[in-house]
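For reference, the structures are reproduced in the following blocks.
Next come two complexes built around chain A: one with chain B, the other with chain C.
Right after this comes the complex of A and B.
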C-alpha cells in the first residue's frame, strides 16, 4: 500500500510539488488554531522536500536521464535542482515560522503561513512548468503571495516595501508577457524545451523577446538595477517574510532565470542576446550590490544588498553559457539560500535590533544565533570550506575554462567586497561590545534556532564534503543541455 | 604513536589548548598550568615528528575533499617538521612568558589572548604542513581570522583601526591575488599538490609564470613583501605576547614559509627560470625594502615599531633567498626563517618583560636597564646580535648562505644589499643593546616592587640560547632539509 502510494507520488511529483503547498495553504486557512496551521504547513513542506529530494536522487544522481517527456509539468535538470533548493529552504523557513509567527496578529498568522506556502508552491511550479505561460502564471502566483506576505507586517513601513513590489511586479509581468509574445511569434514554439531546436523566423524579435524575459525575471530576483524593492521590503517587514523573500523568493526567481537561460542559450540567434543581458545584469548587480552592502546600516538591508551581489555572481556564471557555468550557478544559489537562512534567521532568533550596531557583541549574548550568522557571513564572503567558496571556485574555474578572465575577475571582486561587508558583520558579532545593554536574546529557547542552525551546518557540511552536490549540479546542467551524463 | 597520528595531534593540540584555556579560565593558576602543559605537549609532539622525519617517516592526512582532485590535506615533510619544532619549542617558552606577562600586567583578558595565540599556532602549523596550495590557502585564511583578535586585543580605537587594516590587507591579498593564482595554477597544471621540483616547470608559458609568481608572492601578504607590509607595522598596537606570536611564531613566519613552499614546490628551479623576470624584480624589491625597513627602524623610538620594521627586514631576507631558484638559496631562506623565529621571539619576549616590570617601551628609556635586569638584557643583546648576523648566532649562518648563494649566480648586488641591511640592523639594535648593558642603572627602574618573575626571565634566557643552536645544527639541518630541494628520481 505504502509502496504503491509512493510510486503514484513519484509518477506525479512535478504536479504534487506545485499543488501540495497550495492545497495545504487552503487547509491552513480553514484550520481552527495556529499550531495546527503550522503543523499542516510543516507536513506539506516536508512532503515537498521528500518528493524533490527523491526525484533529484533518482534523476540526477542515479545515472542517465533524458527528462520527463511532454507533460505540461515535468522535471528537467536545472528545474529539478532548483525545486529541491526551494523545497529545502521553504521547509526550513516554515519550521522556523513556529516561533517568529508571534510577530503577526493572531488572526493573521494562518494567512501568513498560507501565503508562504503559496510562495514556495508558485516558484516550484515555475520550475516544473514546461511552457512560458505556465512559468508566468506560477511565478506571478509566487510574486503576489510575496507581496501580500510583506504587507502583513504590523510595521506600516512594510507597506512601502509592498507597494514597491507591486510596481516592480507589474513592470516585470508586462515585460514577461511582451517578451513571451515576441519569442513565440519569432520561434513558433511555446515549450521552452523546444527552443534549442526551433526554426527561428524572426531572429531579432525573438532575441529581444528572450532578453525581455530575462529582464523580467531579473526584476523578481532583485538584480541591479531593478533591486530597489528588495531592501525596502526586507528592511521593515516581519522576520518571517524577510526570510521567505530572501531565501525562497529571490532564489526561486534566480532558478527560473537559470532554467530559461539554459534553454534559450543553445538556441540559434537567442544565445548571444541572452548571455549579453545576463552578463550585463550580473556585472551591475555585483558592483552595485556590493557597494550598497558595504555602506548598509541595517542588517536586513545589508543582507538584501549582499543577496543582490551574490545574485550577480549567479548571473555571471549563467552568462558563461557552459554546463560548468550552470553547475556553478546552481551551487551559488544553494549557497545564497543557506546564507540567507543563517543570517536573517540568526537575526530573527536573537531578536536583536535591526541596525548594524545592534549586532555588537551578539556572539556572546546569543551564541547560537551568533554562530549561525558567522557561518552565513563566512559563506557570503566565500571563505574556504563553506558552500559559498565552492560556488565561487566553480564559477571562476568555469570562467577560466572559456577564457573569460574578466568574468573570473568580477567574481573575485565580489568575493573581495563580500570580505568587507561580511567581515563587518563578524567584527560586530564577536569583536565589539554593545554600547548599551539590550534586553533581548531568548536565543537557545526558540524553535526558530533549529532550522537556522541546520541551514548553517548545511553550508559548512556541503562545503567540506560536496561530492554529492557537485554530481547533482553537474548532472542537472548537462541534462538540460541534452547531454545526459 | 605513528607519524600520521603525530601529524594529526600537532594540528589538534593547539586547538585543544585554546579550548582548555577557555574552559579553565579560573583560577589563574589552573589556567596558566593548563596553557603551559598543553604547550609542553605540543613541543613534545613536534620533537617526535622531527625525529620521525629525520628517520625517513612519511605521513599524509586527508581531512576532506572539498573540490575534485583537491584535498584538504597535510603532509609530513622536512620543512614542516622544522617549522613545527620551532613553533612547538619557542611556543613553550612563549607560553611560559605569556603566563608571567599576564600576571605582571594584570592583563584584562588573558584567556582570550592565550586562546587566540594557540589558535594562531594551529593555523601556522597548518600552513607548514599543508600538502597543497588549497590547504595552504585555507590555513592562511584561518590564520588571518585567528590573529585578528590579537591585533584588536586592547579594544581601543587604535586597535580597532589596526585590526581592520590587518584584516583588509591579508584577506584582500588572499582573495584578490592568491585565489586567482591558485585557480590559474590548477587550470595549467591540473593539480595543486606541493611537489619537490615544482608542478609548473615547463607547463606555464613565460608570461603566465611571471604573472603567477607576482600574484603568489603578493597574495601571501603574511610574508609582508611591500606594499603588503602595512599589516605588520599597523599591528604594533597589540600587547607584547601577541606581537611575539604574530612576528616570531605564526603570521610572519607562516608567510615566509608560504613563499618558500610556492617557490620550491609549485615553481621549482625550472618554474622560477620561466618566471625569471618576475623573480628578479621581486628580488630587487625585497632587497631594497629590506634595507629600507632596517633604515626606517632606526628612526623609530617606540620599541614595538622598531622591532616591527626589524622583523620585516629579516623576513624579506628569507623571501629573497627563496626566490633565488637555487638549493643554496632555499637553504639560506630556511636558515633565515629559523633565525628570525629564534631572534624575534627572544627580542620581543625581552621587550615584553621590560615593559611589564618597568613600563618602558621607548628606546631612549633603555640605557642602563641591563644593570638591573641582567638576564633579560643579555638575552636582548644576544638576540640583537643574531638579527644583525653576527657569528656565531643563528642569523650569521643564514646571511652567510644568502651572500654565498646570490654571489654564486652572479647577483653580487644582492650580497651587497644583504650586507648593507646587516649594517643598518646593527645601527638600530646594536647601540641600544650596548647602552642598555653598559650605561648607569636608572633610579627606580621597576614599577613592580618584586621586579621580573622567573616566568618572565627564563624564556628570554632560553630563547637566547636557541639563537646559538645553528652553530651546532647548521650542517645537520642542511642534510635534514635536502629532500625539499631534491626532486624525487
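Right after this comes the complex of A and C.
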C-alpha cells in the first residue's frame, strides 16, 4: 500500500511539487491555532523535500535521463535541480517560522505561513512548467504572495518595500508578456523545450523577446540595476519574510532564469542576445551589488546587496553558455540560498539590532547564531572548503574553458569584494565588544531555528566533500544542453 | 477614414501597446507618489495585454495576463490604502524621510 502510494507520488511529482504547498496553504487558513498551521506547513514542505530529492536522486544521480516527456508539468535537468534547492530552502524557512512567528499579529500568523507556502509552490511550479504561460502564472503567483508577505510586517516601513515590489513586479510582468508574445510570434513555439529546434521566422523580434524575458526575470531576481526593491523590502520587513524572500524568492527567480537561458541559448538567432543580456546584467550586478554591500550599515541590506553580487556571479556563469557554466551557476545558487538562511536566520535567532554595529560581540553572546553567520559570511566571500568557494571555482574553470578570461576576472573580483563586506561581518561578530549589548530573547520556540541554522551550515560545508553535488549539477546541466543541436 | 487592412491594424495596435508600456514604465520609474506609481503599474500591464492581443497570442495567455493585472491592481490598492493609514501620506519622499527618521531613532536607542 505504502509502496504503491510512493509510486503514484513519484509519477506525479512535478504536479505535487506545485499543488502540495498550495493545498497546505488553504488548509492552514482553516486551522484553528497558529502552531497547528505551522505543523501543517512543515509537513507539506517536508513532503516536497522528499519528492524533489527523490526525483533528483533517481534522475540526476542514477545515470543518463532524457527528461519527462511532453506533459505541461515535467522535470528537466535544471528545473529539477532548482526545484530541489527551493524545496530544501523553503522547508528550512518554514521550520524557522516557528521561532519568529511572534513578530506577526496572532490573526496574521496563519496568513503569513500560507503566503510563504504560495511563494514556495509558485517558484517550484515555474521550475516544472514546460510552457511560457505556466512559467508566467507560477512566477507571478510567487511574486504576489511575496509582496503580501512583506506587507504583513508590523513595521510600517515594510509597506514602502511592498509598494516598490508592486512597481517592480508590474514592470517585470509586462516585460515577460511582451517578450513571450514576440517570441511566440517569431518562433511559433510555446513550450520552452521546443526552442532549440524552432524554425525562427522573425529572428530580430524573437531575439528581442528572449532578451525581454531574461530582463523580466532579472527584475524578480533583484539583479542590478533593478535591485532597489530588495533592499527596501528586506530592510524593514519581518525576519520570516526576509528569510523567505532572500533564500526562496531571489533564488527561485535565478533558477527560472537559468532554465530559460538553457533552452534559449542553443536556439539559432536567440543565443547571442540572451548571453549578451545575461553577461551585461551579471557585470552590473557584481559591480554595483559589491559596492553597495561594502557601504551598507544595516545587516539585512548588506545581505540583500551581497545577494545581488552573488546573483551577478550566477548570471556571469550562465552567460558562458556552456554546460560547465550552467553547473557552476547551480552550485552558486545553492550556496546563495544556504548563505541567506545562515546569515538572516542568525540575525533572527539572536534578536540583535539590524544595524551592523548590533552584531558587535554577538559571536560570544550568541555562539550558535554567531557560528551560523560566520559560515554564511565565509561562503559569501568564497572562502575555501565552503559551497560558495566551490561555485566560484567551477565558474572560473568554466570561464577559462571558453577563453573568457575577463569573466573569470570578474568572478575573482566579486570574491575580493566579498572578502571586504563579509569580512566586516566576521570582524563585528568576533573582534568587537558591544557598547550596549542587545539582550538575547528567551522565547522557548526560538530553539526551532537552530536545526535550520545547522542545516544551512551543513549545506555550506558540502564544499568539503562535493562529489555528489558536482555529479548532480553536471547531470542537470547536461540534460538540457544534450537536447540542443 | 478607418482602414480595414489587418496588417495596418495590427501595427497600430502594437504601436499603441508599446506607447502604453513605455508610458507606464516611465511613470513607474519617475513618479514620486505611490498612487501615480500604481497608475503606472496598471498602464504598463494594460499595454502588455494589448500587445498580446495585437500579436495574436493564444487566448488563454491574454486571459491569464488580465487576471494577473487585476491581481497587481488589487494588491497595489491595498498597500496604497495601508500606506495612507500608516504615514498619512502617499508621497514617497515623505515616506522615505519618515522611515529614515525611524531607523535613526532605532539605531540611537
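Here are some notes:
We adopt the following convention: the second predicted complex is superposed on the first by the 469 of 485 C-alpha atoms of A that agree within 3 Å, B and C clash if a C-alpha of one lies under 4 Å from a C-alpha of the other, contacts with A are read in each partner's own complex, and residues count from 1 in each chain.
Convention: a residue touches a chain if its C-beta (ideal position, glycine included) is under 8 Å from a C-beta of that chain, and two chains touch if they have at least 3 such contacts.
Only a predicted model underlies this, so the values are computations on that prediction, with no experimental measurement involved.
Once the two complexes are overlaid on the shared chain, A:306 sits clear of chain B and of chain C alike.
In the superposed model, A:148 lies in contact with chain C only, and not with chain B.
Applying the stated contact rule after C-alpha superposition, one finds that A:352 touches neither chain B nor chain C. In the superposition on chain A, contact of A:463 is made with chain B only, not with chain C.
Of the two partner chains placed by the overlay, only chain B lies in contact with A:382; chain C stays clear of it. In the overlay built on the shared chain, the residue A:28 is in contact with neither chain B nor chain C.
Of the two partner chains placed by the overlay, only chain C lies in contact with A:173; chain B stays clear of it.
Once the two complexes are laid over each other on the shared chain, residue contacts for A:157 go to chain C alone; chain B is not touched.
Note for the complex: chain A touches chain C at residues 132-133, 136-137, 140, 144, 147-148, 151, 156-157, 159-160, 162-163, 166-167, 169-171, 173-175, 177-178, 180-182, 184-185, 190, 236, 298, 353-355, 357.
Of all residues in chain B, only 64-68, 72, 134, 137-138, 141, 148-149, 152, 155, 163-164, 167-168, 171-172, 175-176, 179-180, 183-184, 186-187 touch chain A in the complex they form. The touching residues of chain A, when paired with chain B in their complex, are 382-385, 389-390, 393, 396-397, 400-401, 408-409, 412-413, 415-416, 419-420, 423, 427, 430-431, 433, 463-467, 470.
Residue ranges on chain C touching chain A, taken from their complex, read 21, 24-25, 28, 34, 37-38, 40-42, 44-45, 47-49, 51-52, 55-58, 60-61, 64-65, 68-69, 71-72, 75-76, 78-80, 82-83, 86-87, 92, 95-96, 99, 102-103, 106-107.
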